[in-house]
Each structure stands twice: as C-alpha cells, then as structure tokens.
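Each structure below is given as structure tokens.
Next come two complexes, and both contain subunit A; in the first it sits with subunit B, in the second with subunit C.
So, the complex of A and B:
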C-alpha cells in the first residue's frame, strides 16, 4: 500500500495499512496521529513528519521513519520495533512494556517514562545522541542506552531517573557531571560488562548504517535504582 | 443537557507563531495553514490570532478591538470612550460570513488616543490610561469587552476551529511581522468568544497550551495591582503578570520568564554566587507571580516574540529558523506545513525562554 498525504484521518490510514497486511509506504505524512497504532505485523515506512502517538500500542510490526518523530512515539508499545532516522519530541516510549525503539539522533524530555519489564518482556530504547530531562522517569524495568555519538559533554540532563525503581540506563560519556537523584546509583562500567549490551548497539549501528566500533568504545556509565535508599520525597519543594 | 463550562473536558490546545526578525511584513495566510495542521488538538470551542504590524498607517494610535454581546453595550461603550479619548476612526471589523462561525457578537475596532487632560490626570503616561480603560470597560460596562488594546497590532478571536476563525476574520488580507495562533480545547472553563485566545493587554498577547494550577493565587495577587480577571480562564492572568513585570516593574522578558517559570530551589542551590543571588531575589520578590502547572506559551510583544515552557516541561513547543523567519508550534508538523525545510529546529526546554526581537525591539 502507498499513502501520499491525501487522507487526513488516522483510522483510514490504519485500516488501509491493515488491509495491505501491515506493509506500507507512507509519503508526505504531516502530523497524522496514531499511525500504525496496535499493528501486529508488517513494515511501515514513513516519509515526512508523523503526528503524535506514532506506533502507540504497537504489537509486533516494524515502523521506519525517514525523518523526525513528534511526541509519544511508541506510547505503551508491547512488541515490535520503531526506527527513527532523526530526532523525536517528548515522552518517547511512554509506559512501554516490550519491543525496541532506535532513535538516530536526540530525544527531548521524558524518554522512557515509566517503562516496565516482566519475564521475557524487556523493552529497549537506544538513543544515538542526547536525551533531555527526566529520562527514565519512574522507570520500572527495561534498558535505555544513550550512545552520545557526537561525544557531547552532557548527554543526559537534570532529573534523569527521578522516581526510577527498576531497569538500567547506560550512558556513553567520558565523565558524567549531571546531578542525579539520591535514589540512583551511578558507576562506571567495568571492562567486559558492556558485552551484554553490545548486541543492542550493533543493532542500532546496522539500522542506520553506522560504524559500530566508535560506539562501543569509550566509557559507559550505568544508572540503576539504589535499593538501599528508598524514596521519601520524589520532587523538591516548589 | 449540560452546557459547555458545566462539565470538564480533557486537555488539548495548539499554539503556533511565525515571526520575521527584520520586521518585514508577510500575509496572514501562512499562520492559518500552520495552526490547521493541529486541528485534532482543538475541539472547535475557540480559535484566535494576534497579528503585529498590521496597522502601519495608524501605528501611533491604540487599536481597541471590542465585542458587544448585548445591544445596549455599544452605546454605553462609545459614550464612555468619547469622554476620555480622541477617536480617530471606528468601523466594524471585516468578517466573512461562513457556516462554521455562528452566534457572533457585534465586533468593532476603534483607533484612539487618550485626551491630554486624561493623560495629565493619570500622570503615568498614555499606556496607563489604556490599562485603566480596559479594566473599567470590561468590568463596568455590561456586554462590552475590549479584547485587544495595543498599537499597530490586533487580536482576532472567536468560538470555532482556528482555521475557520482565520477565514472568518479574512486574516489573509492582513500583513504583519508576527502572527501567533491558538486552537482551543477548553478544560475547566466555558468556550465563549471572550475566553478564546490570544489574551492581550496593550502590546502584549499570550497564547497558551496548558492548565495553570496557581491560577487563583496569581489572580488574587494581580487584583492587588488593579488587574481584574473578567474572562473566566487561566491564560488571562499570565497576560497581566507579564504586563505587570515588563511594563510596571521594567523587567526584561527573560527576567519575567525567570519569575513565572522560576528555577527550582534545588537548581538555585547549584548556581554560582552571582547567578544564585539574582535568582533568589526574583523568587523572593515576585513569589506571587510564580506560575505552576503545565504550560507552553507564546508571548507576542512590540518588536518581538517569546516562547516559554513550564519548568517541568509538561507541554511541548518546537522552534525552527529559516533565514530571517522564526517558526514556533506545538508540533513540528505545523512548522513543516509552511516551511518544509528549515535551517535548524529545536524544542524549548523547561523554564528556559526563547526570545527573538527585531533590531531595536523592546527588552
């Protein structure tokens, strides 16, 4: 199926994608919401700027965006894969509970807010560039990797991991000056520790045709909740 | 059946702006196209535009845009205004009759300037005269609302989807150097003509996506300084806070942003000594003007535009530049619609104002 930006309503687009078995190329996309919502199979390729909640509740299909995403990409997704050849806005992977999201460049605020894992369902978010504030806010499980491909001095921002009580955040950086919540443990990863995560970095590199060797080298920091220091107060005073 | 305003709506709203940094004027057609992309964010209960640089032939006069919702209001208003103002001209604001916009009040504009004896009486300048008149009319003359009162700018708003409101007001026939737009999805308050955005006072205008938790505290604080909230919605008070801070207290827009979206104390604790002293001073002196709750706003002013998110960034706002043009919108798609490729794009961060001025614009 091919779409050329002529129909406005997202359910019409989604009905057509499903009728075509899940595989479709959409061009001239501009702000249409809920594209590929809940889709179980197929590959949806999007040219343009898809609207909010792209791939919400995604359940097995793959979405490739040749451009930027907006807010709430992969909202509550359950299974499948989203690949963004650009950057995205806020709340990437909101409450995600499975599947994988790869963003070539940067993500704005609250990526991975409240993502969770159970058994074999371990959601994965790989961010090629930098992440905004509140990365992994209330995170309950899963893996977030910030690759910082351009070697920025501050790849993550304030309030990363606020309210986090499960899961892992990996950050590639020479040093990490970001002030983290008291309830987060942050340490440099030891040699060999990264190997459990390199398949994800290789997958990122393969999706965007990049050289993986630069991305697996350098220092990685690991952020996890500190179970010895449970929460008393999540936010500061006004 | 419950009427609008008697039940709670889920949140939405869309905002958008186009600005030329050289002050060059362009048609209002683009801003309609931009806001129309975000139609899903509104529900048809309010749309509007603030347009700057549209009255160059009368740029030294105050342009009052007025709604009259009852028949007697116009006579009362005109008698009142004639006492205090020289009236250069007045006319119906041109509209296009379209089925999407219904129940319109009488909509007129007046180009005026305070009489010398009124300026002498008030003593603090013609802007202060207009400030007093706006609140006197909006609170004392039943059925009359001055919803725009700046020089060489005008607000156009209605109940409807914004793209329909733009067609209704024939916006494509105006040329300006800054246009801001709003599509409304009212949450706690009625969808009525006066409650549509933008809200304006003198040359200031505000469009807002969000919901202000501190509204009542802010409203009471502003009433102490003579600002009376009459339009039944939270955004109005942001406009008055900004007028108070920038006009009466002579703060810059950047400093005002630091007041209404003040940094958290935990962040202030980490600042260098000088910066910490300034941030502490602003929080202490203007504590009642702190605005909490989710918001993204675009503020139009004489010679510039400011975008600001709440400090937790619970709303989103994209900004793009292309040559001398600046674009701002709740969604990137709304920018791409009128500017398919830009030089750079970024999102406004929480509590960090993005300000653009024409050369020589107001600080």
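So, the complex of A and C:
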C-alpha cells in the first residue's frame, strides 16, 4: 500500500496502516505525529519527515524512515525495529524496554532515557554519529552504542549516563574527554571484548549499506554504573 | 556509640493476663516480643515497636497495650521531641529521613470545618430506603453540543467514559508497595462494587488481567511494566505526574523489594532499584503532555479515557486548566495528606496544599473558563468517610479516590512504617510469611462492606438535602457552609459561612 500522508490526521493514517495488515509506504510525510503507534506487525516505510512520537509503544512492527525523525521516536517501545536514514530529535527511545533502534546519523538530547531490560528483553539503540546531552539518563538496562562514524572528537556530550543504574553504553572514540557523572565507571574496552557487540554493528551497517570494517575498528569505551542500588545509602527510616 | 533515640511507644503487658502463649512473638515482624526462659515470662523491647497493634489485636487474653512512651524529653513548644529525635537519626546516619502514609501534622482539615445542608419544611427530604437514589457516575469528557442527522436521530459520538456505581475508586497503589494479596482484594472488591482500582506504577500482575474491566493502569515517569497489552488491558489509563504525599519528586522502590513476581511484573531484574524520575523527561510543557495523552490514545485506538494525575500544589488551578485542554478526559488531584509507601519526611510534611482548597479553586477556574465539561475531576488525599465524599462532590468533584481508607478497611492501623517492608498486617510488605496473613477474600469483603455502608450514607445525606441524583450534587456549593473559616478560605472554597443565607 502506498500512502500520501499529507492531508490526514495520524489516527486516520494508523487506521489505514492497520487495515493493510501493517505494511505500508507513506510518501510526502510532513510532520504527522503518532505514526505506527503500538503497531504489532508489518513494515512501514516512510518517505519525508514523520512528526513526534513515531512508533511510540511499538510492539513488533518495523519502521523505516527515509529521512529524519523528530522527537520521541520509539517512546516506551516494547518490540520491533526502527531504522532512521538520517538524524532524530530529542528523547529517542524514552523508557524503551525491547526492540532495536538504528539511527544512521546523530541524535539530539536525552536519547535512551530510562531504558531498561528484563530477562531476554534487552533494548538496543545504535547511533551512527554523535549524541547530545543526557544520553542514557536514568538508564536501567539495555545497550546504547555510539559509533561515531565520522570520527568526531566529542561523540557524546555532558551529563551522559547521569542517574544511570543499569545497562551499558559503548562509545567509539580515540579518546574520551567528556566529563562523566561520579557513579559511571568508564574504561577502554579490551581486545576481543567488542565481539559480543559486533552483531549489532553489523546489523547497523547492513541496514544502511555501509562498510562495517571501519566501524568495528578503533577504540571503544564502555560506560557502566557502579551500582544497581544507587539510593540504598541515601535514606534513614524515620 | 550511645543511641540518643528513645522509643516512641511503650509496650505494656499485664502479666496477670499473659499466659505465655507467644502469639505476640510470632506475630511481630519487628521482633519486639520474646520469651525469656530464665524469667519464665514474655519480655518486650519497646524500642522496636511501631504501634501497628497487631499483637494487641491477636493477644487471646488481651494482655497487651501500646501507649505513648511516658519517658519524654523536657517539654518545649518549639523544640518538640520529634525534631530532636530526627536530628539524632540524621546526625547518626547522614541520610534523608523517610516516612510513610499521609502527612500526620496538625494542619487544618477543611472537611472538618464544612457542614452539609438538609431540607426542612419547604423542600421535602427523600427517604432513600423507599425512593430511587442515583449514585452512579460517568467519568470522562462531556460533549458540549448534540448533533442530529436528517431524521432527528442523535449522531454525537460519546467519548470513552468510566461508569462507576458510586463516586469512589481505589487510588493508585503499586504491586511492590503493597502485597499481592492486597492487590487481589482491591481488584475483587472493585469488580463486585462496579468501581475501579488502580495498578499504580508497578505494572499489572498476570493474575489480575481478568479484572481488566475494573482496572485503571498507570503510566508514570519510570514506565515500569508499561507495554501495549498493559495499556489495552486497562479500562482507563492514568498518566501520573505527581502524588500528594511527595509533589515534585519521583519514587525509588528499593532493590530489596524487587523480588520474584514484583520483578517480573515491573519487568526489571531482581535486586535492582526501581527509580521513577521526578519528571517525565518527555514532558516539559502542556503541549508535551498533550503529546503523551494522544500517543496513548493512538496506541489504544481512542477507546479508553486518559486520566492525568497531579499533586495539589500552589498553582494547581492553572495547571488543571492546561490539562483540561490537553486532551485528557479526567483530572485526578491528590491533596497533601495523600498516603505513600515511602516519601522523604520533609516533603511529605511540608509540600503541597489541602485537597479541599485545591478542588475549590480548580472547579471554579474550569467553570470560569468554560472548560469544566472537558474533563471529570477526581480528588484524593485524604477522604476518610462518606461525609468527606459528599463534601468533595459539592465542592465540584465527580468522584474521589481512596487509598489509606481502603488499606484501613483491610486491617492497616496507620503505623506509618510501610517503608520498613515488615507490615505485620500483610499489606505493605513482600515477605511471603507476612503477605499470607492477609486473606484476599476476607479483605475484599471488608472493602465491599465499607463502601456499601458509605453508599447508604451518601444516599441518606443526599436524601436529607432533597437531592436524588449525585449529578445534582456536583458543584452544588449551596449545600455547604463553613464554620470557623476566614473570608479568604471561604472564597477559595466558594462557600458561605454557617448562618449566612
């Protein structure tokens, strides 16, 4: 199904996507919000720029954006895959608990805030370029990888991992000068340690038709919290 | 190190009555009582007592009583004993003081300064035992206009609504803060009564999906346990922005409580803390809130009303006005006396405003702006009896939430130590040996009994006023009079003083 979203409200678009079994190509998309909210199956291909809350509560479907995304892409996403052929705005994957998000280029503030994992459900965010401030804030689980494909000097920004109490953030960089919060342990990954994560980098490269060899080479830093009980010592029973 | 603290309570045992049966010892998770072989009698360590009254209730010979400790510091109207003991605790630990349940401090309780009207001679009262009396309430947006088609048939599509048999619901209390059995009791009672209970921010246990028609599911900043099936399983979805006991701050469920099914239901690993950040980091404005409201509506195909819950704070009327324009169907407002499983003492006792004043100003503001019918208003924190319900409705509420009152019905004695995780009544604990003390069938029956009684009382009060439908009571401020309130207080509440015509 082809669809020109230009003159419609999001719920009409979503009704039509569902009527088509979840698989649709939307063209000339210009800021329509809530596209594919909670969608369980199918592949939605979007040409243009979808509006905020694209794929919120996504539950198994795949979304491919041939362009940039805006704010709150994949908010509270549970399962499925979102692929952005460009950059996205703020709060990417807020409180996500499963599924995968691949952003070819950069993400703005507060990506991966409070993502969490449970059992086999481990959310994954792969960012091809750089990330803005507050990446992985309150992060409770899951994996965020910043590939820094253009080898920028500062691929992550201030307050990365602030309040983080679970999960892993990987950053590809020659050196990491960003000032990190006290409770974050940051170390250069050893040779061979990356192998557990290379399937995700390969998946990113495959989605965007890139050469993976450049992306898996170089230095990676691993950011982890020092405790999953950050507030244990904060309180006194009264 | 010297322990500067003194026990707040004294355990008094009448040894003439005590038969050394050791029930008190087995019942106390705080380990106050033990049998001393050498003395051949029961000994109590008052320093550990929280005054939950469990041992008192279960003592077969009624040999026990718990009284305030007669040992006291030198009386001082300014430096009350509690301030000294709190300083001792902090001087020892360096910690933030943590308390539970609602604000116990002696701020005015406005419900106790409001009186209800009754008919005499000119407008006959109604006997609810003989005449129909409507306490059913629908919550949600009300359409402003009616559209008809060419044949004159009504075409207006009603927004999704909640139908309540009486204007009371159980407030949000998460599985984790309260026990499995407590949740089971609330769910069963809600189903039987035709009202709703609220999951709080802890996800919904698989066993309780069968009560979905009477379940409100909550989405808070941590988004614990939130996924599409969870949203679809609620009769309504509540976005929690704030809570009366701790406005402006988030919540931390300690890792020690994230065990077994709590971990599974919240979808976070065992032993990990569950942190609900203070704000939703995707909501910085009414426009952002609107976006979350509509993303939820999109995900649930516009079939469920969305509630936005806020704490009663100084500018609550302006905030409510924004929420009423955000697409939300219901606004829930929680007053500063609302309960909690744990909150910093200073926040609980010093932040927020009374629900009576918040409700009075919100209802008046929404009416002035002609947006009152965009939303229903549900108020909480704290509603203690049916008269509080009637007064809240007269002040403009559509319904109320009760949390503490429902726990009390199940056996809670408001000892305010939920944060210890050792609730002897099996309510605010995850310890299996304690949880099984609460029989969910009996607890559900007690909840049903309490609200059945309240409903009769509400009908009696309505009948006394000559009103036979709760709709006619809503915002009916002429049915209220204040006693001992100043002009500002009366103006905010929107009521007259007793004696004024």
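The criterion applied here is as follows: the second predicted complex is superposed on the first by the 225 of 238 C-alpha atoms of A that agree within 3 Å, B and C clash if a C-alpha of one lies under 4 Å from a C-alpha of the other, contacts with A are read in each partner's own complex, and residues count from 1 in each chain.
To be clear about the criterion, contacts are C-beta pairs under 8 Å (C-beta built on N, C-alpha and C of every residue); 3 or more make two chains touch, one makes a residue touch a chain.
If you're wondering where the values come from, they're calculated on a predicted model, not measured in any experiment.
J.: Give one of first, second, both or neither to describe whether A:138 is in contact with subunit B, with subunit C, with both, or with none.
T.: second
J.: Contacts for A:33 in the overlay, against subunit B (first) and subunit C (second): which applies, first, second, both or neither?
T.: The answer is both, since A:33 touches subunit B and subunit C.
J.: Which chain, subunit B or subunit C, is in touch with more residues of subunit A?
T.: Partner touching more subunit A residues in the overlay: C.
J.: For A:113, decide between first (touching subunit B), second (touching subunit C), both and neither.
T.: second
J.: Applying the touch criterion given at the start, work out whether A:207 contacts subunit B, subunit C, both or neither, answering first, second, both or neither.
T.: Touch status of A:207: no partner.
J.: Give one of first, second, both or neither to describe whether A:47 is in contact with subunit B, with subunit C, with both, or with none.
T.: neither
J.: Touching A:97 in the superposition: subunit B (first), subunit C (second), both, neither?
T.: After superposition on chain A, A:97 lies in contact with subunit C alone.
J.: Touch test for A:76: subunit B only (first), subunit C only (second), both, or neither?
T.: So A:76 only meets subunit C here.
J.: Pick out the shared contact residues on subunit A: the ones touching subunit B in one complex and subunit C in the other.
T.: Overlap of subunit B and subunit C footprints on subunit A: residues 33, 52, 71, 90, 110, 134, 236-238.
J.: For a test of understanding, state which residues of subunit A touch subunit B in their complex under the given definition.
T.: 30-31, 33, 48-49, 51-52, 68, 70-71, 89-90, 108-110, 132-134, 158, 179, 236-238
J.: Applying the document's contact rule, which stretches of subunit C touch subunit A when the two form their complex?
T.: Where subunit C meets subunit A, its residues are 86, 89-90, 92-99, 219, 221-224, 226-228, 231, 252, 254-255, 263-264, 267-269, 271-275, 277, 281-282, 291-292, 294-302, 344-345, 417, 419-420.
J.: For the complex, which residues does subunit B have touching subunit A?
T.: 37-38, 40, 264-267, 270, 290, 292, 312-313, 316, 318, 331-334, 336-337, 345, 347, 349-350
J.: In the complex formed with subunit C, which residues of subunit A make contact?
T.: Of all residues in subunit A, those touching subunit C are 10-11, 14, 33-34, 37-38, 40, 52-53, 56-57, 59, 71-72, 75-76, 78, 90-91, 94-95, 97, 110, 113-114, 116-118, 121, 134, 137-138, 140-141, 163, 165-166, 228-238.
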